[in-house]
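Next come two complexes, and both contain subunit A; in the first it sits with subunit B, in the second with subunit C.
Our next item is the complex of A and B:
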């Protein structure tokens, strides 16, 4: 099912808009992540999709149906919560059956469908257990089965992995991806973890302060951020961000007071940020930008190097074969990709 | 051998005497019920009755006063109060915990403020209401004033509040009505709290004395505690007979308490005084 959001605004009180003029189209069968720091409006957006909240302005369409003010239960959605929200007094089977029980599906069919769903999420050997006897990952599997058993048009997942430990989180995100692709259900996944979003999604919607920042494929988001915020938010280690100023068509790094070698056609004296990914810097003795090595840590084929540039510190991957000592001065050159110039005030991207 | 601390010994000693003081009246009542009239006033007193097969006192009690009727009345009143009060408590607690309506907090605060008014002060208004409805000296007079309880509502609301909102949302998305959600999810989840509330209510109803004394006159609708009081004048001030009657009155509650002790203690500690 295709989800169309048109100019959605949600206002809780006079001054603050949790979601601001938000428009997006989510194509059928895709897994789309709503990503953003806490308080960015992603959960509000999800609640409007599920019908728990009604938008102040704007329209939500499921295919061609206007569902903006439709009650939750008529929307045909499945919800998965961060805290699983399983009914603790019911067994796994009863939990999965519950949505069908409400729909008054005959008992035999109910059990057949629930069992089938349990198989899909690999909890079919736990049907008689109570949620309290399951691990977090298993509970989340049951919650997903419960959300999917009534064959929803749209699956909404609200930070479903946040309560799991690191290893289970990776396992479960792959599982969610697999289940989503097997059922071909359109899914919207809310998270604040950029790594999770990058690894699981067909498309990512990045939000900040209620505004949509960028809506693209994960790789595009990473390679070609629309603005400074997107560049800062994605990537591990985080992107290096240096204050700069334009002189003679070249960005000078303010802290080091050195030309960076990055050419740009902007007015003289324009204040910008020069950002580069750790993998986009390279060792280049001829580069005009010089820094002092603080420390290096070996990561196998590369080593990550902390370099002092004036008053600030940047991190860059260097070839493992290079011998770099602390205190050594090195020249920093840049590759063609992963180097960006942003407006210091608006965050708008120039390069 | 492990060394036992002096403080531990002291603690157990205090607890032992505390327990002794608590248990002794019950012991005296039960043994007294089997004693004869001369044995009970005998000095020095006997710790055990001469014969445990002496059931004359019980026979006398049951012959003089209709304790069987009293007993049935008490059970009826208890069941009616526990069931009706349970239902109203569940519904009220759900409304205050989950439903949004204007003035919700204000109304709840007013109800809590009402808890400060002692029951004794309400006796007169309750009495006038019951008389006004022509229910005086009927079983309904015993039941109606106890079909709601702010205190139990407060306890249960505390427990309902601790159930995550997401469970409600999950059920709502599936099309579950409030009514069904309440009975299929909230009530089963609150079983420990509910059992406690019902037990406390059962004990309070069973022991209630003042209201039955005011609201009833005739033997047909009397309950056990008031029956016991009336027995003092009707059966004559014979200690051994009163002991037998008293034993009949408290025994069911002692049994209930022993069986359900675990729930009472847990429930009060858990659902009790939070939020």
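Our next item is the complex of A and C:
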């Protein structure tokens, strides 16, 4: 099912606009992630999709139905909560059956469908257990089965992995991806973890302070950020960001007091940020930008190198064959991709 | 060596004041009651008794007054506990769902607890009054003929139950409301998103999640209802008409306080039998609770 959001605004009180003039179209069968820092309005957006909250302004369409003010239970959605919200007094089977029980589905069919769902999420051997007797990952699987059992048009997941430990998170996010692809349900997944978002989404919606920042495929978001915030938010290690100023059509790095070699067509004296990804820098003795090696650590065929540039520190991947000693001065050149110039005031991207 | 010995004894030293207190004020009286119940023809003043045996229990069981008292007490528990628990669960759920005026309401239903039960009991006596009472007045509006609530053996048990229910409601409601407030609202959200209606939510989610509190309330109220006694005074100044509202605790009181010479042995035996009944009822309740939670 296709979800269309038109100019959604949610205002809680006079000064908090949790979501601001938000428009997006989510295509049928896709898994789209709502990504952003804490408090940016992700849960608010999701709650408007589920019908728990009603937007102050704007319209929500599921295919061609206007569902803006439709009660939750008529929308055909499945909801997975951060804390799972499994009923502690019911067994796994009863939990998965409950949405069908509400819909007055006959008991035999209920059990058949719930069992099938349990198989899909791999909890079919735990049907008689109570939620308290399950691990976090198993509880999350049950919660997903419960959300999917009534065959929703849209699956909504609000930070479903944040209560799991690191290893289980990776396992479960792959599971969520598998289940989503097997059922082909349109899914919206909320997270503040950029790595999680990058690894499972068809598209990512990046939000900040209630505003949509960028809506693109993960790789596009990474390779071609719309603004400084997007560039800062994505990537591990985080992107290197240096203050600069434009001199003679070139970014001059004020932190290091050196020209960067990055050419740009901007007015003289314009204050900018020069950002580059760790893998976009290269060892280049001829480069005008020079720094001092602080530390290196080998990771496979590359080594991650901390370099002191004036009074700041940047990180870059260098060829592991290079011998770099701490204290050594090296020239830093840039590759064609992964180097950006942003406006220092507005965050607008120039390069 | 000495310090190690001291380390072992130290916890008991800390506990000593408590143990002494419990021994003097709880353990000793209990042991004494058991002993008294077994002493036949015990005379409190002289300390004479003819020997140990189960004679007191036999006398009590065969005593028609005791049978009546036990019957009344069981009937009282059987009426007051279910009605008060159901009422309290419903009222607590409604109160908990009202988001406005919560503070005001909480004071309001706390009121019966802080006012003197006896004073308010006297007010009930006026309300139950045959000729001028407000209860008969309200009933008359519906065409019900006046009932002699307090003065007729046919109806004074009902009056006692009404008063008894009213008296334990506030405490019960307070416990239940605090139980309700401990239920995570996300369960309700989850159920509502799936389209569950209020009644289904109430029976399938609220009640099961509230069950531990309900069982707590049942235990506490059962014990207090089995000991029904205080409630008799404001309404009837005694056990009803011609002892028709004799209760077990009143029987105990009667045996060693009203009768002369006092029959301590019989009172002790009756007290132990009441304890036995309460114990059995509570075991049954625990059994059911365990069954249900599995």
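In the analysis below, the second predicted complex is superposed on the first by the 351 of 351 C-alpha atoms of A that agree within 3 Å, B and C clash if a C-alpha of one lies under 4 Å from a C-alpha of the other, contacts with A are read in each partner's own complex, and residues count from 1 in each chain.
Here is the rule we use: a contact is a pair of C-beta atoms (placed from the backbone, for glycine too) under 8 Å apart; a residue touches a chain by one contact, two chains touch by 3 or more.
Model, not experiment: these values are computed from the prediction.
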Subunit A as common anchor, with subunit B and subunit C clashing or fitting: clash
Partner chain(s) touched by A:72 [first = subunit B, second = subunit C, both, neither]: both
First, second, both or neither for A:52, with subunit B first and subunit C second: both
First (subunit B), second (subunit C), both or neither touched by A:125: neither
Subunit B versus subunit C as contact partner of A:320, first or second or both or neither: neither
Touching partner for A:85 - first (subunit B), second (subunit C), both, neither: both
Partner chain in contact with A:98 - subunit B first, subunit C second, else both or neither: both
Shared subunit A contacts, counted only where both subunit B and subunit C touch the same residue: 50-52, 72-74, 77, 79, 81, 83, 85, 87-89, 98-99, 102-103, 150
Interfacial residue positions of subunit C with respect to subunit A in the complex: 184, 186-187, 189-196, 200, 204-205, 208-209, 211, 293
Subunit C-facing residues of subunit A, complex: 50-52, 72-74, 77, 79, 81, 83, 85, 87-90, 98-99, 101-103, 150
For the subunit B and subunit A complex, residues of the former touching the latter: 164, 166-167, 169-176, 180, 184-185, 188-189, 191
Subunit A residues within the subunit B interface of the complex: 50-52, 72-75, 77-79, 81-83, 85, 87-89, 98-99, 102-103, 146, 150
